[in-house]
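Next come two complexes, and both contain subunit A; in the first it sits with subunit B, in the second with subunit C.
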Partner chain A sequence: MKRATGWDDQVASAIVGELKGRDGALLPILHALQEEFGYVDQRVVAELATALNLSRAEVTGTISFYHDFRANPAGRHVIKICRAEACQSVGCEDLVAHLKRRHGLDVDALSADGLLTIETVYCLGNCALGPAILADGEPVGRVDADTLDSLVARAGSERALTDGEVLS
Partner chain B sequence: MSGRARVFIPADSAALSVGAERVARAIRGEAEARGVDIEIVRTGSRGLLWLEPMVEVETADGRVGYGPIAPGDVASLFAAGFLDGGAHGRSLGRIEVHPLIARQTRLTFARVGVIDPLSLDDYRAHGGFAGLDKALAMPPAAIVEAVLQSGLRGRGGAGFPTGIKWRAVLGAEAPQKYVVCNADEGDSGTFADRMVMEGDPFMLIEGMIIAGLASGATKGFIYIRSEYPHAFATFEKAIATARAGGYLGASVRGSGRAFDIEARLGAGAYVCGEETSLLESLEGKRGVVRAKPPIPAFQGLFGKPTIVNNVLSLAAVPFILAEGPAAYARFGVGRSLGTLPVQLAGNVKRGGLYELPFGVTLREVIFDIGGGTRSGRPARAVQVGGPLGAYFPERLFDTPLDYEAFAALKGLLGHGGIVVFDDTVDLAAQARFAFEFCAKESCGKCTPCRIGAVRGRETMDRIIAGENRAENRAVLDDLLVLMTDASLCAMGGLTPVPVTSALTHFPEDFERAPLAAAAE
Partner chain C sequence: MSLIKETDFGTPARESDVTVTLTIDGMAVTVPAGTSVMAAAMQAGTKIPKLCATDMLEPFGSCRLCLVEIDGRRGTPASCTTLVEAGMVVHTQTERLAKLRKGVMELYISDHPLDCLTCAANGDCELQDMAGAVGLREVRYDKGGENHFDCAERDQSNPYFDYDPAKCIVCNRCVRACEEVQGTFALTILGRGFDSRVSPGGTDFLSSECVSCGACVQACPTATLVEKSVVAMGQPEHSKVTTCAYCGVGCSFKAEMQGDRLVRMVPYKDGKANEGHSCVKGRFAYGYATHKDRITSPMIRERITDPWREVSWDEAIAHAASEIKRIQAKYGRESVGAITSSRCTNEEVFLVQKLVRAGFGNNNVDTCARVCHSPTGYGLKTTFGTSAGTQDFDSVEDVDVMVVIGANPTDAHPVFASRMKRRLREGARLIVVDPRRIELVKTAHVAADHHLQLLPGTNVAMINAIAHTIVTEGLVNEAYVAERCEPEDFKRWRDFVSQPENSPEATEKYTGVPAAEVRAAARLYATGGNAAIYYGLGVTEHSQGSTMVMGMANIAMATGNIGRRGVGVNPLRGQNNVQGSCDMGSFPHEFSGYRHVSDDTVRHLFEGAWGVTLDAEPGLRIPNMLDSAVEGSFKGIYIQGEDIAQSDPNIKHVTDGLKAMECVVVHDIFLNETANFAHVFLPGASFLEKDGTFTNAERRISMVNKAMPPLAGYADWEVTMMLSNALGYRMDYKHPSEIMDEIARLTPTFKGVSFDRIRELGSVQWPCNDAAPEGTPIMHEKGFVRGKGKFMITAFVPTDERTGPRFPLILTTGRILSQYNVGAQTRRTENGAWHPEDVLEIHPHDAENRGIREGDLVSLASRVGDTTLRARISERMQPGVVYTTFHHVGTGANVVTTEYSDWATNCPEYKVTAVEVRLSNQQSEWQRSYEELREATRKIATTAAE
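Here is the complex of A and B:
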């Protein structure tokens, strides 16, 4: 897993400059910025608008349209939990309730200690082995409360959540 | 055993999600500890997902499988002589004759789980690029004609004849044309596109090149959803490998005809699976649906004539060219020709991907293949075709899987995903979710979808809460007609499908005493 660092205007400008020549460059740039920083800072909007000959409204509207792009920094670790029908049929909503009850964690929010972001996704394409999550980008299937407990316990670690001998 | 043993371990996302990487590490470690020389080949998945992680070895009799394997089983596998196909508690025997492989007709998935997905040699050795070789020797119109004759219909859900789109783009005059592969496989219960991209990416690349040759397009884009990071990474490697191998670039296989492919990542918007929304997104904009006409075949990506096809549609093309359209049309029933990669998912014992001829019934799939629910409770409902597909009750399980049979029951086959629910499912909650999902994912362009989804959820809440049920039901029924008739695309237009099917087939779930009242 790549560790996101704090926002850096110079690095952001370099990313914009490198990618702005591509066809339909805005999404690739936004992905690259979020990959680097874990979110897309509002500060980059004006620069993107100038570089791509768009209005600021078009840039802002595009960032907010897509669920992927965060307006604020994410935690050190990110869990994406699937809440679509196939995972519903095997109890994903019980897992969401478990996170709240046992750990006080809300989905689509950053944990109080700033370490863990949990996000809703609709379908990870692992529908035969649900409930499914992506933990720091790595797929985990047949997730149960114990799996989540061990992931949450590792949230303080510098290493990726799935690195090691936990899980299923 | 003679020579170096070959061990096959999937690197498919589903297999990874239940520990395939740890199993591979354990096998490598155990082999080193025992001083045994083995070659580990990472493959896609055979699709028998409940048996993952599944390990195969090459023996004189063919490939023998073991699964599901945990890292803790590895020492006993070596002790049992699995490198020579030795018997073990997890033995599956010869995989080719496994009952759930043998009953399939694997055309599109013939190589998935078998070959190293990033090896051009493996791909060619298993019949790869035979379709491209033929296409390179054919005039564009003849390629289009072959696809037309095969009866291939778009596998993204709408079932539109692929050859007709191709013919339109071929006939359009423009300095630049595009091929766009829609790999925004957002429907819950579907993973066939992902398994192709991770397990046999060159087949899709070959299909895209043939589409380019047929239409005069020189540039292809594939739009892969961001929820599939491994598929994206594998596909990017496959593109680079194909380019290095002379299959992509200024002169495909020295033919003098150009075609290249670029992979783009989606950003978590379900509606971008709709083709015009996808084109907007590829152009770097909000994924807002376009009004049609003009259709993308005439004004698509960047306003240029564009073929937009689903992964499975393009993946079927190499077979059609290699074996001829009649070979493909031999499978299937009525106007649903070829095979359907059925994705069996949700609360089911033997979930996975099974490529079957059209016409097999839901009951055969759920029980004969799937073994019933994973929970062991009765199967009460299935949702077929993703979040915009209908919920069917047990009494409709004899419905055959073909486009027309599902349409006749006000359902849709969509991308071939089947999600099984046991008897704990609440169809009122599922109907409410259909509106909630539409409200979250609507692109916002048309009012019936943008506002209708929110009003639908509110009205459903009132019905569930027992407020003026008859009056609210009248409001709901009116809304369902409006969304169906007046929405710009399938997002708003088909959200009534799951809702209506739940109301029609499971009325008792909407007549229950409200929870608060029941608790008193």
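Here is the complex of A and C:
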């Protein structure tokens, strides 16, 4: 997954300009924006509407239909945790509780340090290996508390690295 | 009287030459191929339960209530999306279906607040009806229902309707109505699953793209979207079908009433002009009709600075009559005249012109069409033989290439614009010729193929360039021209437009539009299939307005685009009955049906019927009346329902003329600006308060039916009659239908028209006579009315109004969706929420050069006058051109416009005025002195004890 940078209107316009000629360009553009920035800023709605001859309402409605399109920047790392039936039956809700109890992390929210977003998804198609998660786009199966602890720790240590506080 | 409930067939009617017979619940039904099972059932009288289907919208198939069983088919298909087939055997009511439908309703109700008794839709709720229809007796899921009262706030931002997301069943009808019917796409479903709700794009309604047409409110089966008036008043108990009194589209409405109180206006699906759609004005902006500013007592005064004195009808009429008699005795028969109203009914207009011709004994009658479409009358009569548009609105459904010239339909004719947009979404091509980037140039799902953004005042150069391309590139429909047009005139025209000075390359220096773009547009017009021209005041309100009308007629004839569906030359007329007021003989030179007063045969016909000798000389036009008043020979005027002191150009000249008169009689529902100069005020009746007919832009005559008694006691036709009788010319009509009978007797094109006939047909388009007993939707089908089509030479003569160092910009004027004309009505409604004041639109480049920012007060000055208003920076404008509207008193757009006018008809050149714009910090001199004058002339004496 590409490391997201801050929103840039010029870069966004370039993406819109590059893709607007495609058939059914709205979704490809939204994907490209999310890929570039990690989210789709509300600011792009009017420009998208004009570029594609749609109404602003249509663009807004489309974005809102897909949970994957975020309205706000995600953390540097994203863990998507499956909470559909199959994973529920093998304990995914325990993992959700563990994240809260151990790390103080809420699902469908950004961590306080802004580094980690944990999102609910309903089925990753990896039921045989449940509980299943997607860690920064990589599928991980048979997830347990230890797996989560190490992922959370990795996200936290990166903060230390990027802040240049500790070089171990 | 009862509440009219129109049949909802669930899916739109289909047309087909092929019919299909099937069996529904044991009954044989025959319907056109392509009809849905649901509509076929309804035709047989069987209502299949439904929630997401309604016949204004294409089927959607989401609610799953309309399931049926069909012999030989598996499962239970939705009847709205299943088309009929020959021999199909359908069952709409079975045990299995009943169980399924109950289950579906249980799910709906489990997620809906059960506050029916206090709900605004109580008595008019399809969800409630369906619960009843399927026999819902229990809800197994989450008893009591999830009420959602806490899910989202009610949105009450729109002044006319509320949105309550708690009641939404997500049937999508509103979203689809906004898309399919209105074509604005302002609504969407936000979120998904249980969270999904209708939303105007994540903002509130007022600040969204919503144009408040109300199609969503009409489509909503629950109280999710509901008129505020219904919330406040409750459900109506009876309704009257009538015709809207705003623009020339002429929408048909049900006025839904409680007693004599209007609860709401609901567009009538049988209305052939609007097919059940409306705009914000027609549906919602009716509050003016009962506004506290309505004057309900006649008033008189000696001088215009005296306070008005309320008097009895008898006294007012006697006073007006004696003044007119006195003036005529002193200054001569020609010293008085009248202006008919394009807002009033045909019958009322006919009476006013009759009063002038037979009662005053002169032909000094004119109408506000003078300042809008008089060039249309002149130009189309000269070329085709009829002073009216060639098509019906339905014709747009067959248009392949739409040319919109000098018209802004989405603002000025919104309901027809919706039909245009629908056709454009189906793939018709679009050419826009307009100095501004109007909405049609680019809006959701619509984009013009060519926008010829010419400079104001260069229309004729443009049309000649288009004609040049058609002729010199061999695109003339020679067979059509040879068969239907005058050959000599055509040859002359062909030689004229072929001249190099008419080429797109040569005219580019006037129009500013690249030659290649003009050529491409001309080719598209000539070769793209059915091509239709729709035009507005951007064509007519020029010094060469009549020339341009003939120029458009020329290219339509040259390409064979006249005389069938999908083509034509179509004026979009501004006022509800401006076509009618012209038809009824409002012009000083013409009797009803556009017959010249000098024609002895015609005049003798009227003399015989009216028992008087009539003047064979044309009378004065409005500008001539005002000129004569200033000169001192014209002294008295009767003005019905028109506000020339706000609407006419060069206001100072208008008011000077009015001030110079000895008796100005204003007959209006409000104390308008013209009344500031009046001596007699006769209170008028709104369209809700009288019977009669209006004629719309497609020559369609529709009924206006009285929904409430006149506030001041008399309909306008009765007042004109009283005035005539007081003057000594006897008029004795018991009902407006008798006036229409007289019109029909005296006017060949109206021979077959009567109130009974109109009611029988719903509406009728003139000519309606022995040759066309059901009216004439499309003109010139078998040949032109004048015989052969006449090509006219249209040399481009630039207007004398030129920009220069002192006045470097061009001002052009227009309208906006939420306001109407001089705003007398719309300003007295909540429509101000969208357009509280007139603003000056200016291109960013011109604004920057002058240091003007958004919202700054600016002075707008021409050689004639100046006014001050706020600036709006807009890229809709091209550099060098500014734009404003004239909806508000005191804006003074017409203080700035000049006395120049169309060479043939005196239609003012509103669209081209050389101006300068500067930052300002105060109102103009005119605005201040006019405010003082208003103060002085609008007082009404408090009624003394009698």
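As a working rule, the second predicted complex is superposed on the first by the 156 of 168 C-alpha atoms of A that agree within 3 Å, B and C clash if a C-alpha of one lies under 4 Å from a C-alpha of the other, contacts with A are read in each partner's own complex, and residues count from 1 in each chain.
Note that in this section contacts are C-beta pairs under 8 Å (C-beta built on N, C-alpha and C of every residue); 3 or more make two chains touch, one makes a residue touch a chain.
Everything numeric here is computed off the predicted structure, so don't read it as measured data.
Q: Pick one for A:134: touches subunit B only (first), subunit C only (second), both, or neither.
A: In the superposition, A:134 contacts subunit B only.
Q: Could you look at A:104 and tell me whether it touches subunit B, subunit C, both or neither (first, second, both, neither)?
A: In the superposition, A:104 touches no partner, neither subunit B nor subunit C.
Q: Pick one for A:65: touches subunit B only (first), subunit C only (second), both, or neither.
A: In the superposition, A:65 touches subunit B and subunit C alike.
Q: In the overlay, work out which of subunit B or subunit C sits against more residues of subunit A.
A: B
Q: Identify the partner contact of A:6: answer first if only subunit B is touched, second if only subunit C is, both if each is, neither if none is.
A: After superposing on A, A:6 lies clear of both subunit B and subunit C.
Q: In the superposed arrangement, which partner chain does A:21 touch: subunit B (first), subunit C (second), both, or neither?
A: Neither partner.
Q: Where on subunit A do the contacts from subunit B and from subunit C line up?
A: On subunit A, the overlap between the subunit B and subunit C contacts is residues 58, 61-62, 65, 67.
Q: In their shared complex, at which residues does subunit A touch subunit C?
A: It is residues 42, 45, 49-50, 53-62, 64-65, 67 of subunit A that touch subunit C.
Q: Please give the residue numbers of subunit C that touch subunit A in the complex, ascending.
A: 184-192, 199-202, 208-209, 442-447
Q: State the interface residues of subunit B toward subunit A in the complex, per the touch definition above.
A: These residues of subunit B touch subunit A: 13-14, 16-19, 22, 49-50, 52, 185-191, 193-194, 226-231, 264-270, 281-288, 302, 343-348, 351-353, 374, 383, 387, 417, 419-422, 425, 430, 433, 437, 441, 443.
Q: Would you tell me which residues of subunit A are touching subunit B in their complex?
A: Touch list, subunit A to subunit B: 23-28, 30-31, 52, 58, 61-62, 65-69, 80, 82, 84-90, 121-130, 132, 134, 137-142, 165, 167-168.
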